[in-house]
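There are structures below to look over.
Here come two complexes built around chain A, the first alongside chain B, the second alongside chain C.
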Partner chain A sequence: MSAQLGKVLALIISDRFGPVVEKVGMYLFQYGTSPLLYIVKNTGLPLGKVKESLCVLIKYRLVFFVPNKNENIANYTFIADNVLLMLRYPKYIHLIKRKFGDESEMIVEEILQKGYWTASDVIQKVFQRLSKNVDNAVSFGQLKDKFVSLVTAKYLVRIPYSEEDRPVPNLILQEGELHSISEIDIQQLVISAKTGQPFCFPDQGVYWAVNFDRFHQDMRDKIIVAAFTRKFDENAGELVRLLLQQMYIRTQPWADVSNPVPIIEIKDIIKKQTGFPQLNVFFDQYVNVIEQDSCNLIRKSGEASGGSFQIFLKEAFTQFAWEVIEQCVLEKLDSKAARIFRLVKLKQYIEPDQIQQLAMIPAKEAKRLSYQLFEENFLQIQELRKAPVGNGPSKSFMLFHINLPQVAQMILELCYKTLFNIMTRRSHEKVMNKRIIDKKQRVDTISMGMRAQGASEDQLADIEEMITPPEREILEKIDRTMKKLTLVELEIDDTIFLLQMYLIYE
Partner chain B sequence: MEKKVQIKTEMSEDRGGDSSQTEDRDNVEARLLELAKSHPEGISNDDIKQHMKEVPLPEITTVINKCLKNGTFDLFRTKDKLFYKYKDPSKKTVNKGADNEEKVVYKIIEEAGNKGIWIRDIRFKSNLNMTQLNKVLKSLETKKIIKAVKSVSASKKKVYMLYDLEPDNTVTGGAWYQDQDFESEFVDVLSQQCHRYLLQKWEDANKISGGPLLARNRSYATAGDVHKFISELGISKVSLSVEDIESILYTVVLDNNAERILATNGSYLYRAVNRFLPSHGLVKTTCGVCPVANRCADMGLINPKVCTYLSDWLNN
Partner chain C sequence: MSGRGRGGRGRGGSAKSFNKEQLTALGVGAKELLPGPVTQPPPLYPLLNRKPVPLNQSLEMDYLLILRQDFIDHIQLSGSYIKLPQNKMKPEQEIDKLVAQLPVAKEKYDWTLFPSELRPKMYAKRNKQKTAKEVNIEQRLTVLEKLEEKSDDADVAVNNNEADEEVEDVEEIDEDEEMDDGTDYANNYFDNGEAYEDEDDNLEDGPIY
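Then we have the complex of A and B:
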């Protein structure tokens, strides 16, 4: 909850919902939980606008409310984390597309766009979208199956509802209802699609939303598997993937350490697979190599049933966070600074003299770099003072050390700042080139309209020529810039995810 | 009463060039030294003849002459008889003519050994005042009995030690120092080469099929292996010890390019390793490496709209 984060959130909200909603959201971010009238008074917006904004924010699960002591008034609270997740929506959609295919992707996309929706409505909407594409016809039954499988895989969850009629409803959810699918009447869907009449479906009032946690679980596993693939090879990556898969049978998804997984289970799965012949042949060796590696993320916990193994998720992310920070030091300062940083990490507490000796860096440079690291807050100094004995010279030791959670938090803040900078820059570029972008859009609309009317190629070429070659060049450049900024925005989000994972585990 | 005299023993020298003869001579010398050490009061020519009957006299003469020359033997005359006395070559006494102060200072410096001693410490120990001490040190230095060596740990600090001693590594800094300057380029080159060697070994091991365990075990290298590689490469003018290579390899480990494990015989094994993560998003932008990121804000002189770093990066 920093000012930097607030700035990023403000940008995201105003990008998506406009300035009024941004004002309300930012008020709640800054002042914390507040009732409606406070917001109205302090933002200076008319009551209607504030109400509307709150509705929007609640709809997208960016704000939740609980009844005040006076049960007729609600207290609204801003959920900052969910706002940042809006940047991650493309990733969620992509993940679903890879795992479940195009139809499921559309279902998730629609739900993300709406915030929450009923099953029947989503299916109807997706059906409409798909039916435009003739050669790819899908029946309602298939779509329903896709939806059900998303719910059973816990990518979609039911959101709480209220049963009693009160000014401020208490939202509840019965146990077991979170992932239990309700009735979906395909018959009615078909009829409604044919007649085009709005229909009262049986699952009205049963709303579904995306379960971010489940997506994060997948993303977390993906990071771990990718890391192992990079460090060892694909076979080792596959082994870890299967280990994680088997872990879920026995362990809570967010546990620090998995419960022991018998290795024989994984061996059986690999035997049935054909994709990794190497892994099949050298299975025991791979297990050995990974277990004995110095990273120590997978450890043997017992000899039962051919050996059972645990995977240390918390430690994995601690090591990843270290690597992220080490890279920051490397890029920001120097490889020598990174060496010093790692040395301090290995020794935990170290004197300046030892640094220059062990890191093989000239005394002066070692001193400069370690104090620069200290200045940039990567290192901390612990001073040990000896109690002065008599009137002799008082001795004190200076020890460098690293406070990882603090450094991780600092890098996270830097990520927010970068995100803010990139978004600001992008909107700035848009404003600066507004005239030319507008012109391009106008030309595009005209040429599209003319094409629809059946204009000849010559006429179309005339229209196209309204954009001069220099202008075209500028447009290309803007296009490149935008792509670059968007790409980096997604990559920064990856870093944020990694660091957040570490901080959550911590 | 003993009286020290300097006499050149006039004996014919046997100049045998044969290798077997030199070997004999070493043997004779060892025996002679042994004999002299067991008689702290000195040995006479008769004693030598008695103990080494089979050795020809010219041979013994050569050896005695050599020992007298390098100062292992002292020659005495007691009651018109010549005695040879064993003298530890590492312990030299101050020349004659030295006064008491010089003797005291000499003793303090001698005690310090090859680590040397700082002038302040000499002053504390000897209780001499500064001007007097300076004079004494200067005189000892001109006589080539002691020398001053600059320490690497503090460039202005001079330490004194006996003239014929080789300074300790802590004073000179070892192989990495040339005239009190740390040769960081040399270290960098060595570190790169060590990394290259480990990488090469790792790649070779991976090429040979035989399972990951075998590949891993093959990719380990000892410091001795690396030492051999570096010596054969001939990039180093000074001769490096295995310990030197060990410390270079540790920097490779610190650079996260290798890992170090303890082998069963107590030595270290090194191996090139990969990192877990590719370079992440933050360092791909300019902001992650920006030197003025702390002063950057949405307004003011440094802001993302006019940031030159960002512009350069975007135009690239």
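Then we have the complex of A and C:
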């Protein structure tokens, strides 16, 4: 929790929910858990608005509450991590689209937009959206199947509810209810769609929300597979994918080290597949290469039944974090600094003189670069003092070393800072060009209205001409800048994800 | 500070931060010129030493961008985007006026999942009034009993009945007023202009006092 992170969260919230919610959220972020009246008093907002803001924050699971000692009031706590996840929402939706198709994508999209929702309502909404384009009609039954498969695959979870009627509800969930689907009455859905009347569905009060952990698990696997595909080839990537897939049968998804996976199982699967003939032929070689790779992803644990392997996810992510940090050094301070950094990594503890000799860089430059690395917090110094002999001068050794978790945390902070800069820049661009963007919107609205009324092409062209060519140029420029800035936002989030994964495993 | 003395510098000695020995240990030779004192603040936007790597654009990324924008637009238009009550100043820009005209959507919540203190006033009041009403009934019953004791004649009883009804009426009115007072969350003040003509009709009937 840093001040830098707080600034980013403030921007994320105000982008989506407006300044009022931002103020309430930031109060909770800075001062920690507080009851309602404290928030009202210290933010200076009207009571009604604070209540609304808290409702919104609770709804999107950005704040949770527990009863106070006085059971009539609640204490509210801010969940900073979930706010940061809002940047990742498009990626979740995209992931589902690739894995389950368009209908499931819409289900997840609707639920993300609402925070949480009942199954019947989601299905109804998606049905309405899909029935707008006539060519691919989907029945309620199909949608229900999609929904159920999302729940059984644990992408959706039920949110806790309260059974007793108390001023501050105590939200709990029985074991097993998390992923058990409740009744969805298709007939009622059909009737309600035909008559257009709102119905009281049987699953009222059973709300479903997105399970971020499950998505992160998929994204983690994707990173690992992508790493091996890039390092070796498609076949190696496929092999790693199958290894992970078999791992889930025996192991908890977030374990540091998996239980042994018999390699013969994977061989059988590959034999049945036709997509990777190379992998089938050179199977043993591929396994060998991956085993000897510096990632240490798999290690042989036994010879029985053709050998079985353990998967070391923690070590793999430690290796990925190293790579990311090395890349950061390379881009920030160039290749000579990266060489010094790798040397320190290799030797663990090293004296400045040794760096000069081993890195094969002129003494002066080596010193300058290592000081620069130290200044930017990539290297740390450990001082060793030798007890003075008699009256002689006390001697001390300076040793450079790298504290990986600390450096990872530092890079994470750097990412937050970048995010903040990008968002500030984007809102600056928006404010600077507000007039012209507003004009464009107005023209668009008018021409849409005209088109709806069936205006002729000439009239539409007249309206379009209200924006002069120079203005059009400016608009295009703004568009390009915005797109670039938003792209950076998405890319930075990838790095944040990787580093967070490493820190979770640590 | 003891550290100062140990460095071998006298008090108020050299203005530099390191002595010669330390400088050689750091790799600065004797002949080299040290950088002069810094008299200016660093520039607000220092020049970049290196160009960042270009972003790779792909169809996938474009799709993610669209998804992101859709999501933000949806939330901003929904009731979750909370604005402060507008100040009396007229919006300057045309578009702001248009935005201000949009009906304010209110979110619907399942209140069983929220602390009751967060509910808008209307809900809280309703609960209170139920208890208040019971007290009223009891009071009224005692009043009625007293009245019955007093009344012997049938005529008087009739009168009393009438009086009772009046009391009831008054109480009902009170209740209504209490219900409405406080918030206007439930009321819809949106005027679509249809009632505009109707007002004229009312005027024809005669002035309203």
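Quick note on the criterion: the second predicted complex is superposed on the first by the 505 of 506 C-alpha atoms of A that agree within 3 Å, B and C clash if a C-alpha of one lies under 4 Å from a C-alpha of the other, contacts with A are read in each partner's own complex, and residues count from 1 in each chain.
What we mean here is this: a contact is a pair of C-beta atoms (placed from the backbone, for glycine too) under 8 Å apart; a residue touches a chain by one contact, two chains touch by 3 or more.
Keep in mind that this is a model prediction, so the values were computed, not measured.
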Contacts of A:E491 with chain B and chain C, given as first, second, both or neither: both
Touching partner for A:S53 - first (chain B), second (chain C), both, neither: second
Touching partner for A:R230 - first (chain B), second (chain C), both, neither: first
Touched partner set for A:D15, first chain B, second chain C, both or neither: second
Chain B versus chain C as contact partner of A:D438, first or second or both or neither: second
Which superposed partner A:L346 touches (first chain B, second chain C, both, neither): first
Contacts of A:E331 with chain B and chain C, given as first, second, both or neither: both
Chain B versus chain C as contact partner of A:L358, first or second or both or neither: first
Common interface residues of chain A - those touching chain B in one complex and chain C in the other: 331-332, 363, 484, 488, 490-491
Chain C-facing residues of chain A, complex: 15-21, 36, 45-46, 48-49, 51-56, 58-60, 65, 72-74, 89-91, 93-94, 109, 112-113, 159, 161-162, 165, 167-169, 171, 205, 207, 331-332, 334, 363-364, 367-368, 371, 434-435, 438, 441-442, 483-484, 486-488, 490-491
Residue numbers on chain B that touch chain A, as the complex places them: 153, 176, 181-182, 184, 187, 191, 211-214, 216, 247-248, 250-251, 254-256, 259, 261, 273-285, 287-289, 291, 293, 296, 298, 303-305, 307, 310, 314
Touch list for chain C against partner chain A, complex: 26-27, 50, 52-53, 55, 57, 60-61, 63-65, 67-68, 70-72, 74-76, 78, 80-85, 93-95, 107, 109-110, 112-121, 183
Chain A - residues contacting chain B, complex: 7, 227-228, 230-233, 235-236, 281-282, 285-286, 288-289, 294-295, 319-320, 323-324, 326-328, 330-332, 335, 338-339, 342-343, 346, 358-363, 365, 411, 414-415, 417-418, 420-422, 424-425, 428, 480-481, 484-485, 488, 490-495, 498
